[in-house]
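The following pair of complexes shares a single chain, subunit A, combined with subunit B in the former and subunit C in the latter.
Now for the complex of A and B:
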């Protein structure tokens, strides 16, 4: 019973992280037609920066959180300016191919740079990991992982904030509108450059935050970016592009499946799950389990 | 007459009170090596309903899209109340008071009817009168009021067209451009649609109507232009063109009109 509770909590909290990053990628894909292959790298960068600030520089939790937000908000804007803006105005097909090529180059270069710099300056065996102060909680006789509970609450809060932004603010509605019909949005006065910049500012920051939370759960190395991009893509395939409920369901499914697989077959087999799901879904229902709506 | 709510359009009205509302001159459009429009020129006066009609593939939609900056223009000029539009990016057209209801009933399918209409006001920024504007549109299109929380993609074709027109109107544009509004709609729905357009004309709203349904458009228009394979071939008052023998035989399949009296 205890183990089942642990597994459930672990699976859901991991699923929440996956849902958050998948939705960030999916929203960017739906509004700008850009597929950011380096998406997973920002998860790693978030973990890396937090590890550096907390463990190496010994800054407090609040200062670290603030620094992560500011840094990655700026990074999101820069990334959009450098890699997305030049593609504006091309056909969706051209944007897709172009963005995959550009961001792949960025992914390879940036993770190599991170790995090299960290190994030289900080630790020859780079590993990004954080510990949560209340790691073990006892609630009503059962021992729960305080870390996983915190992660679950944090991802819920972030996803809820994202949802409120998209449904209650003018800019949020404009982002959703542009994802559903680019031309109608432009005709009604929505500025594609401003919306593109906002999508990446929020998306990259949310992704880095997810990386910080992931580092609480398990250590990351600099080269896990590609694996994490694949996870996000699998969630999108399950849940559909541009859909938040879809991302939640897809994230939950993959999170639970990965945790169960790791538990029963050993940690190494965990990542196999989403490769299997990825190809299985593509073979059986290429338009995605949720039927290719949105976007 | 509705008051334009944008500073840009109001200023130009003061500057050029006598100019035609919309002036298009010498428009040349090509897609790569494929030339689509040749020296297209026309104008729309304040309060007029002007129709741009012609057969399939004549370049009517391309003309509207060129005015809105959605296709690249090789040469030519477009001014709204004397203000040149072509150098500006497409998303600024609505701020100048130019509203487009594009071909194919473009809106946001996963959002509700009311959210779609609210987005029609996006360029106006936050404003207090939003509820009043929504009610105004609902008064013109009662079926939309009944379905205000429904996802727009689930509406029928005719209702979607009403929604698209509502979204175009809600910002009180100086000029409303309609791109083939009757396309894909059943005849009875088209009749109702044209009643709505006639109503807009009675209210003094300036309308540029692009249509393939030539008879209905010419019947309603103050003036019309015939576009064939990228060139303006004929222009004149709507009723006069309806009596024109060339148009009657080519487009309406009718014998020449009997002489009056």
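Now for the complex of A and C:
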């Protein structure tokens, strides 16, 4: 009973993190049509910055959280300006080649730089993990990990905030309009550059926050970025582009599958599960979920 | 020209007499190199052959068809492991002297079959999703190798039994032969109806389907044609190196460099991957042997990839080709 509860809580909180990053990726994908291969790297960077501030510089929890938000909001704006904006409005073929070259190049270069610098300056065996002493909760004889509950609550709050922003504010509605029909949104007077900048600012900040939460749940290493991008893509393929309920379902499926596999088959199999799910879904759903050109 | 600046269809321009003459001269120079070169140089050129094979193979799907395969290294690494493990298992011992070619043949056959199988899930996708999924193939094979240490040696890698080593000179000429064969294969595709069909798929899948091209079969063919020579390159690599691990056989560079080479030189042209490959290998040899870098080489590869994407997404040959024509 206790084990089942732990597994369920672990799986669902992991699923929430996956859903959050996947939704951030699909929001950017649907509005700008640029696939950011380096998306998962921002999960790792978020975890790395938080680890550095909290464990190395010994800042407090609130200061760390504030610093992560400010840094990654700026990073999101810069990333959009430098790498996404040059591609906006080009033909699908140009966007495809450009986005893969630029963001894949960025992913490889930045993770190599991070891993190398961390190994030389901080810790020869780079690993980003956070511990946050939180009391255990006892509910009717069952013990719940405080950290896991915190992760679950924080993820839920972030997803809810994202949902409210997209459905209740004018800017959020403009983002959804542009995701549905780029040309029509531009004709109606929406500014694609402003929307693309907003999407990356929010998306990358949310992804870095997801990285901090992930580091609370399990340690990350510097070279997991591409794997995490693929996890987010798997969630999108299960749940559909730009769909929040789809992302939640896809995230929960993957999170629970990963936790169960790690528990029953051993930790080394946990990170493989999403790949099996990914290829299996592609085989079983005959239409593929998104056959369109360049997303 | 197509909308993204790559050459359009039926490139009869490719493989003109000048081009063939230059290629023949280069091949002859490479064939004579072992008479004069040092062992280090010959090894470096041998690796260059293998990378050029990967780059040419990448471009069958990437250049002719517009499907970016970030998993070209998967076939190289899988075949390298299969050849090494088959020979070490001793199951081929009763074949006597034929055990080495037999192991290589079996490794290439299995790898090609795996590529054939992966065509089914992969081609449900297109565009950037396809590219990411192909990287998933590399990760999957890598995880499987690491997670079955009893069979594959896990993170310790595999030592090939010294009886089966391939000497540097035979390996060098095998690599050169394989490179010439791969270039000939790409040229044959460029000048054939199959190449026209691939180009048609790249330009517009609905149109290609409407004129009677079976889209899935064309894509699967392109994937398999690009997988077999890469697999052979991997098997030769394993037997020459004598030791492989997941980083040597399936490292990020095996996936990254072919893409950089093809796109830097000019995708969709036979000479493009060769030119880009020569440039990248020169940079690589310079970085590893002469410059003492204060940071990993992958940082530079990543930066080159970004630079191509931002400044010259059509590659060198297409870039200058466009300027000459306009």
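The criterion applied here is as follows: the second predicted complex is superposed on the first by the 283 of 295 C-alpha atoms of A that agree within 3 Å, B and C clash if a C-alpha of one lies under 4 Å from a C-alpha of the other, contacts with A are read in each partner's own complex, and residues count from 1 in each chain.
Note that contacts are C-beta pairs under 8 Å (C-beta built on N, C-alpha and C of every residue); 3 or more make two chains touch, one makes a residue touch a chain.
Computed from a predicted model, the values in this text were never measured in an experiment.
Engineer: Is A:235 touching the first partner subunit B, the second partner subunit C, both, or neither of them?
Structural biologist: The answer is neither, since A:235 touches no partner chain.
Engineer: Would you sort A:154 into first (subunit B), second (subunit C), both or neither based on which partner it touches?
Structural biologist: neither
Engineer: Thinking of the overlay built on chain A, is A:99 touched by subunit B (first), by subunit C (second), by both, or by neither?
Structural biologist: second
Engineer: A:191 in the overlay: touching subunit B, subunit C, both, or neither? Say first, second, both or neither.
Structural biologist: The first partner, subunit B, only.
Engineer: Does subunit A have more residues touched by subunit B or by subunit C?
Structural biologist: Larger number of subunit A residues touched: C.
Engineer: Based on the superposed arrangement, let me know which partner A:68 touches: subunit B (first), subunit C (second), both, or neither?
Structural biologist: Once the two structures are laid over each other on A, A:68 reaches no partner at all.
Engineer: Would you check which partner chain A:177 touches, where first means subunit B only, second means subunit C only, and both and neither mean what they say?
Structural biologist: In the superposition, A:177 contacts subunit B only.
Engineer: Considering each complex separately, which residues of subunit A are in contact with subunit B in the first and with subunit C in the second?
Structural biologist: Residues 293-294, which sit in both footprints.
Engineer: Which subunit A residues qualify as touching subunit C in the complex?
Structural biologist: Against subunit C, the touching part of subunit A is residues 35, 37, 83, 86, 91-94, 96-102, 104-110, 112-113, 115-116, 226-227, 229-230, 233, 237, 268-269, 271-272, 275-276, 278-279, 282-283, 285-288, 290-295.
Engineer: Quick one: which bits of subunit B touch subunit A in the complex? Just the residue numbers, please.
Structural biologist: 68, 70, 89-95, 99-100, 102, 106-111, 115, 118-120, 122-123, 125-126, 167
Engineer: Would you pull the subunit A residues touching subunit B in the complex into a rising list?
Structural biologist: The contact residues of subunit A facing subunit B are 170, 173-174, 176-177, 180-181, 183-192, 293-294.
Engineer: If we count contacts the way the header does, which residues on subunit C are in touch with subunit A in the complex?
Structural biologist: Where subunit C meets subunit A, its residues are 2-5, 66, 68, 70, 118, 120-122, 124-129, 131-133, 135-136, 139-140, 143-144, 146-147, 252, 256, 259, 263, 295-296, 298-310, 313.
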